[in-house]
Amino acid sequence: MTDILFEDRLAKLDRILVALWSEILANSRFAAAIRDRRVDKSLYVIYMIETYHYTAHNARNQALVGVRHAENVQYSKFCFEHASEEVGHEKMALHDVMSIGLKEHAFDIPAPLPETEILIAYLYWISLTGNPLQRLGYSYWAENAYQYINPLIEGLRETLELKPSQLTFFIAHSDIDADHFDEIKSIMQRTCKSEADWEDIARVMETSLRLTGAMLEASYEEYERYVSGTSNRYRFLDVLKTPVTSTVVA
Amino acid sequence: MTDILFEDRLAKLDRILVALWSEILANSRFAAAIRDRRVDKSLYVIYMIETYHYTAHNARNQALVGVRHAENVQYSKFCFEHASEEVGHEKMALHDVMSIGLKEHAFDIPAPLPETEILIAYLYWISLTGNPLQRLGYSYWAENAYQYINPLIEGLRETLELKPSQLTFFIAHSDIDADHFDEIKSIMQRTCKSEADWEDIARVMETSLRLTGAMLEASYEEYERYVSGTSNRYRFLDVLKTPVTSTVVA
Amino acid sequence: MTDILFEDRLAKLDRILVALWSEILANSRFAAAIRDRRVDKSLYVIYMIETYHYTAHNARNQALVGVRHAENVQYSKFCFEHASEEVGHEKMALHDVMSIGLKEHAFDIPAPLPETEILIAYLYWISLTGNPLQRLGYSYWAENAYQYINPLIEGLRETLELKPSQLTFFIAHSDIDADHFDEIKSIMQRTCKSEADWEDIARVMETSLRLTGAMLEASYEEYERYVSGTSNRYRFLDVLKTPVTSTVVA
Amino acid sequence: MTDILFEDRLAKLDRILVALWSEILANSRFAAAIRDRRVDKSLYVIYMIETYHYTAHNARNQALVGVRHAENVQYSKFCFEHASEEVGHEKMALHDVMSIGLKEHAFDIPAPLPETEILIAYLYWISLTGNPLQRLGYSYWAENAYQYINPLIEGLRETLELKPSQLTFFIAHSDIDADHFDEIKSIMQRTCKSEADWEDIARVMETSLRLTGAMLEASYEEYERYVSGTSNRYRFLDVLKTPVTSTVVA
């Protein structure tokens, strides 16, 4: 693929992404709550537990694409290498959850919310069926999301006074994703040939980002249910309310 | 695992391997034919086509172990990295087949022999079920097989006057496998903890080597059927008999 | 499970279903368009093609539950029997599409819409992972949906003047589903024991119905895009507009 | 397929089967030991435990063929129905093992022998890949094996004085397999069209029967190891040696 045509393809994907992120962030109660500083640590925990759940599957479904499409050596190699770099990242998300004040408190990690399950299910589906190249549509936005997500992370960091040791997942990813994004673009240039390849990538990019947006909103709704007391699912987060300063009785 | 105990474990595996290779090579008509120089290029082709078939699955079933056992980060990472290094090696086997004099002759690659299918099936089975560590038993012998196989390759090379460009599969593997073998031992030391782990590794090591030996013999039987004319499966190899020098008719 | 407790469980599921169907139908532009008779045959075709797509996977994911949970003999048997009854139903949906006036017109069946893919992906996910009993939550509403869907089908039938031979999918299903629904309840009574079983069933019931509702809306949006000319995906439906009566030019 | 051509196809399969069973039984130490009445109950137990292991997968891999080939409605329906009839048969094998005198003795069921694992692995492989019709080659001999196996069962029954309640697996299967075999032939007639279909069926028939023969021999070798005391795997069978009648010392 000539450089000019390739840059055109990427520019087209980028235009879709800009519009879609705008739409998602404009309608997001999750984003609005952060902007308006109407959040406490429980929102961060609830969101990071969903992040933990779907992240635990990313290396797996990435590798499955390589298993399925092993006749394309360079793409399959990319899939396995990329998978090897993604393994275990969910443990960073879990670390951040624990470090926020839950380390000493035994609790069972709640199951993923339905919206998170739907995202996970979709990522396996598009990895296991259809055009093997289409999963690049997910990588394309996911490895290039920090410009959109950073303001939210920054908002959470400030409002909740999070330390770097409580943000390892996002710090690690914003570091490595610049390199990853170059690798994604490079493998796209080398493997995506047909009109159908680019259409499939665009469809998976758009659908997986929409499902991620829905997961964000579901996290926020769960947060509201917790705060309002209409759900007991996250009742164990009450320990986060314990005042940090201890009173010495004379 | 302490170094001493670990070395004991490996020594035990090595004793099994030495005995099993002796048994296989002593009873192998494939090996005997090479030793006695009763072979022609068609044996090499028949054998390399089976090699092509099972090799095409090695990266895949290796990666599937990592997909299944992703909670063990270091092992899963090893599986994906190892898979990425194995991708496409079957193309070397195919290259060697073609370079021996088949390049200009269109033919369909024959399907794998039943014994090759059985080996492939078994490798998927032990990758997808049971103790995820057990596939290391396959790697343990396969990445350390050149001391046993080299005399056969050398015999074929001499008798058939094979050039390095017709032996890329074996040359490449004997180069990389020394490193791979160290990696295999290193990951075994870090991940294999229980008695059951070592038993499962030993069982898969022994069973997969026996199945490979059976595949070798099946290749030889197919060669005999071709030479004796009782099977037409490899009739397209007759082109290898064409004298290289052309006769100019006056 | 005692009959009383079991009836309580079902009543609880039914209350969720009544509320959810009300919500879906109240907000559905698909349903509103049918009620207001603002539809033509292309809506029926677009909707039936999505039905075709997800129905083609129902027997498969149903059987996969039995494969995964074969140690529970009565449940596994139910899964395989139920799968055998569902096989090929997508062909009825396709028949209805063709019989509406497309039989003589060659066209490629459009790929499923993203919302349909999401539903399909989710049904495989909940069949292949988690509580094997949870897929009963999907069957519970799907085999008991005709009270909710019939008014829509009836509306389409009247407005579009559909003949029984153009409605085979729905006629066949309303016939068999009464029996199926009794079987679903019977297997639930025999296999669902724990609180978690009923929670998992309720979650899958609710989530799969919501995803089906989203698929309905996506069909409607696609219909609007077709009618307004903003998408060419269904341009081949223009043949349906051809007047049936021929004008004799004098 | 015309009846005459079809009968020819079956006759060809039958000729292969007769020859293969003769070869297997002639060389079988398992069969020889039964003929010579050099067996005790432990052989029956060891063999039935392997039977238990592979039988537990038969309904599963049968159903997977239907999942994979759902576009062929009649064949897929056959696969699911056949799977539903095979579910849970391994429990009969286990029942027979227990009823022989192990019911009161707690023991862990030994893992399958490598030869049994190889058979299981192969049956999944040919169910999940290649020509979906090829698994009929396994059914063809397995549902029609009693003429060959009955003398062995009869020999075991007489020598070990087994009661019908200790032979439920074989009694049940000889009853149902006559019907099953007709169904197998019927579906073959309706679905197998090409030369390749019949070749694939013949190959899977022959290979799966050979692997079953190897499993039989491995059971016998395990029995010899138990009797000679060179393996402790089946040491728990020593309880079967306890004399039934008690001697009262005066």
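Just so it is clear, A, B, C and D label the chains in written order, and each chain counts residues from 1 on its own.
Keep this in mind: contacts are C-beta pairs under 8 Å (C-beta built on N, C-alpha and C of every residue); 3 or more make two chains touch, one makes a residue touch a chain.
Please read all numbers here as calculations on a predicted model, not as lab measurements.
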Rounded Å distance, chain C centre to chain D centre (Cα mean): 41
Euclidean distance of C-alpha centroids - chain B vs chain D, Å: 31
Computed distance of Cα centres, chain C from chain B, in Å: 49
Chain C: positions in contact with at least two other chains: none
Contact graph of the chains (line, ring, star, complete, other): ring
All chain pairs that touch each other: A-B, A-C, B-D, C-D
Residues on chain D engaged by chain B in the complex (per definition of touch): 114, 117-118, 120-122, 124-126, 203, 206-207, 211
Chain D-touching residues of chain C, taken from the complex the two chains share: 56, 59-60, 63-64, 66-67, 70, 73, 76-77, 80-81, 83-84, 87-88, 91
